[in-house]
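Below, chain A partners chain B and then partners chain C, in two separate complexes.
So, the complex of A and B:
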């Protein structure tokens, strides 16, 4: 029976390809859009993941990482005083304008790391030495800053530019994940960052901390909140908070959601219609089988097998194509594209739903089928 | 199997494998790069962290000028050891010296006047004696004797006046001399010159200057001034041990011995090293003594301080509770 079902499916090449194309298209659209959407979301919290520290402490009213709410300098010591905190270092983060030698201005994100430990520095350095940040007037850039500010011919190790009328000399170029806003990131030490920025009463943006290995992170975070009255988050939680903010305050979620829904609906429409036509065309054969004594359940199983076979094939080709698209366009992190297994799983479930639904229509048709149709 | 004869099926398998490979290899979190130097960690179970600055044991002296004026001479350089009273710098004193010349010149005439008056008195006294020695009232009238006596007495009073004037002139000269001396700024105590922020030819201000002309301190004995946020102030107990790390050197800890807690909470000053600090909170200062370690250490260096909390010390306050506990009881 299964053999017959598959022969029926593969026998009509044109219909089979039509079905396959419809499903492949739907899967590809959903996976590709989903991956871009997720890539964008990951970009929106790059500022957190790029620094790669476990605990962030700042004002409790913070909504997302790029919205800085300065806190008192002594907060570092207050966090250090909390039992279970292994270390805590200050972080400055703020927007500033850089003026290049050629007279161009660029908005940049100034990131001031603790001078002694440089905790929060990028893991991968493309050019120069990140440790040279301790030299006078030294700053480090990420590779996107080089790209945004005019490319490697304009910005390289040794280039000098002005930050708020003060000299900055590039000593290293680091590899980081692109951010949502794609504002170039300039790294320097905390003390030097304060020298670059205009005067403010409070300057500390974040306290970066790590819990002792012996203490559960959640407990330490709760203790920081209770003792200091500040907001403390794990990097993950802060990332989700930022993603939530982006979804709530921009149209990205609705945009991508609509596209994904459209992919789902179009895929379902194509698959359902084609499959229905396929079943209708083969009604005579099904009728013959029924006349030969095949029960409706057997026929239903055949239809489902056909639907799932074409569905799984379409799924495989679809995710393959989406992955190739991702590999081609999102090289070097230029485009946001991140495939994750939950997305693939979700798409698989959606696909099974499409297949089941379109099979169901055909099954209903078959259930009402009179075997006598063969003789018409 | 029919199923394996289809190109589409092979394509599907290839696609799924590619996707699986991409998903499995991508998105792996890199571990955090190891810090260049270990961040300062507390050696104690419960601790109060503070930021500290190393300073001379009996506080640094910020030398200021007695009055605004031009600096004509700086007698010391950074690192010099000075004793009490050693001259440090000289302010412009030309106007006072000019005055001194004039005041000095006023002394000899006053002295001469006194001398002159003494002779006048001598003359009158001799006259009076001679007149008195004549017994014949026809030769010398009573009137003449009286007149000469009065003249002599008046001359003596005039002498007193001249002597007073002389004293006044001398006092005026001494005044100028003292004012002159004041323009030489001297070391208030034996110390080492830590900073010289003035050069000959600069104008020294008495108010509005951001840095002292000179910084004096005894660097033989150093101490740590640790600053704890006022919120954490109740957690600090006296006589608890502490430990300090120089910025960027967490390998070598400096054990601290408690000296005292400053009783007055002050606006926070250290941390950025900026010379006009932005006040955003107030801090409790605790003084610690330490033995000079084997590695070099300088006054003015910043340190990260960890102070052990008292064993059954006050629990960390919940937010707001610190304030309510301090509410005045009427």
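So, the complex of A and C:
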């Protein structure tokens, strides 16, 4: 009977295509919006992931990575003295304005790294040498800074500009993941960063640390909290904290959640209605099958097979279209778009729900169907 | 036989007819069926008694709304009855569960409808194979038997045609092949010629008579069409939910 069910489904091409379009649209909408949403969330914690360090020591009241709350300069040594800590280095992070030779001003995020180790440096360098940061007045930029500040004709290795009236010379351009605010990132050494910024009582933004291999990270983090009274997080936990802050304070979650929910509801409505119509219009045929000895369970299996066949096809086409959209619009990280397997799994589960509900409506109709309909 | 009140027929498994003992295929006693409820309830069958014998083709005739199709549906086990007894092919339909009745129907009955009710997405051979597939026959064997049956009804060269590419008469032939493919003992036909013109209707009835009738099978045909009365052995006339007469059909002598 599976054969008959599939022939009935594919035989009515117009209805089949309409069903397929409904489900494809629903899947594409959910995957596309979900991927953009997740891409944005990943961007929101790029300032953490770009530095790629295991432990962040912060002000105890920190809400998210871009809301810097300076801590005492002595914190680095205090963290280093805690058992289980392998190393700890200072990090400066703050907003400043850069003045280019052409007179333009650009707001930048200044990131000061430990000069000796350059811990927190980007993994990939596109131009120049990151180690040259130790030279006088040296700074490095990320590729987004080059783009935002005028492009490679204006900013390249060797270009000079001013930070707070002090000279900065570009020695390297690194590749990083775009941040949520997309403010250009300028890297330099910690000490030079302090020279660029106006003097404040507290200048240390974060302490970056690593636990010894023999020490459990969670225990070391707890020790840091106990010994310093500060906040301490793994990079993951700090990232989630930042994502949580963005979701709570920006309305992005509600906006995207609404769109994803709409995709689900619209998809379900289209699929449910079309599938119900498909069944109703084939009611005489199902009645004939019932009269010829097909049980309600057999017809239910046929309906489920039809629903899941069109569902899985719609899933594949929808994912494909969403992926093409991502490839075309989010090339080189220009737009936030991150298709992850949990999202695809979630969409598959949502689709199964859509198909099951649509099929159930039809099955209920069929269960109540008197085969005598064929004689009317 | 005259007006049907059951007295002229045997209450047992056999009856005398035309000098020979005939086995009863369908026995209906006191059948009542209503639609609706309360003040709007309409009683369509008001105590029907009827026997149908193996080897015969019985015509159910009468005015529109007289209850012919309702009686046919009840005998076929596709409509629940309110009261009475239905004994079909030696089994009591009245006491069968819906599931058992469905399986019984699939095993023992063939259906021919006014509107053919072919599945438009399936070829003629696939349509004929449907009852076999429902019974669990393997697809290859079912299709093979479907093609053979189509040859029997004169459509051996149309086995792979879709219904929309067949004429009305050809579609009804496919439906007949489908009704006979699982060798049913009871063939129920609802207005099988209503959607066909006169000559095609005659041909279809000839076919139903030729392939449908057999000593171990009986055929019940609901019809309005007086042009096909000649194909029946007996005619039961229903009016206002009652059988008002059962007549043997006299065929004109041929030269």
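Simple rule for what comes next: the second predicted complex is superposed on the first by the 376 of 376 C-alpha atoms of A that agree within 3 Å, B and C clash if a C-alpha of one lies under 4 Å from a C-alpha of the other, contacts with A are read in each partner's own complex, and residues count from 1 in each chain.
The rule we apply is simple: a contact is a pair of C-beta atoms (placed from the backbone, for glycine too) under 8 Å apart; a residue touches a chain by one contact, two chains touch by 3 or more.
For clarity, every value in this text was computed on a predicted model and none was experimentally measured.
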Residues of chain A touched, compared between chain B and chain C (which is higher): B
Which superposed partner A:10 touches (first chain B, second chain C, both, neither): both
Touching partner for A:248 - first (chain B), second (chain C), both, neither: neither
Which of chain B and chain C A:129 touches, first, second, both or neither: neither
First, second, both or neither for A:166, with chain B first and chain C second: neither
Touched partner set for A:371, first chain B, second chain C, both or neither: second
Partner chain(s) touched by A:97 [first = chain B, second = chain C, both, neither]: neither
Shared contact residues on chain A - chain B and chain C: 3, 7, 10
Contact footprint of chain C on chain A as seen in their complex: 1, 3-4, 7-8, 10-12, 284-285, 287-295, 298, 370-372, 374-376
Chain A to chain B touching residues, read off their complex: 3, 6-7, 10, 16-17, 20, 31, 49, 52-54, 72-83, 86-89, 114-119, 121-124, 131, 191, 194, 199-203, 226-229, 309, 312-324, 326-327, 338-341, 344
Residues of chain C that touch chain A when the two form their complex: 69, 72-73, 76, 78-79, 99, 102-103, 105-107, 111, 113-115, 117, 119-122, 126, 130-131, 133-135, 139, 178, 190
Chain B residues within the chain A interface of the complex: 2-3, 6, 8-9, 11-16, 18-19, 22-23, 26-27, 29-33, 35-42, 45-51, 227-229, 231-232, 235, 247-250, 268, 271-274, 278-281, 283, 304, 306, 316-320
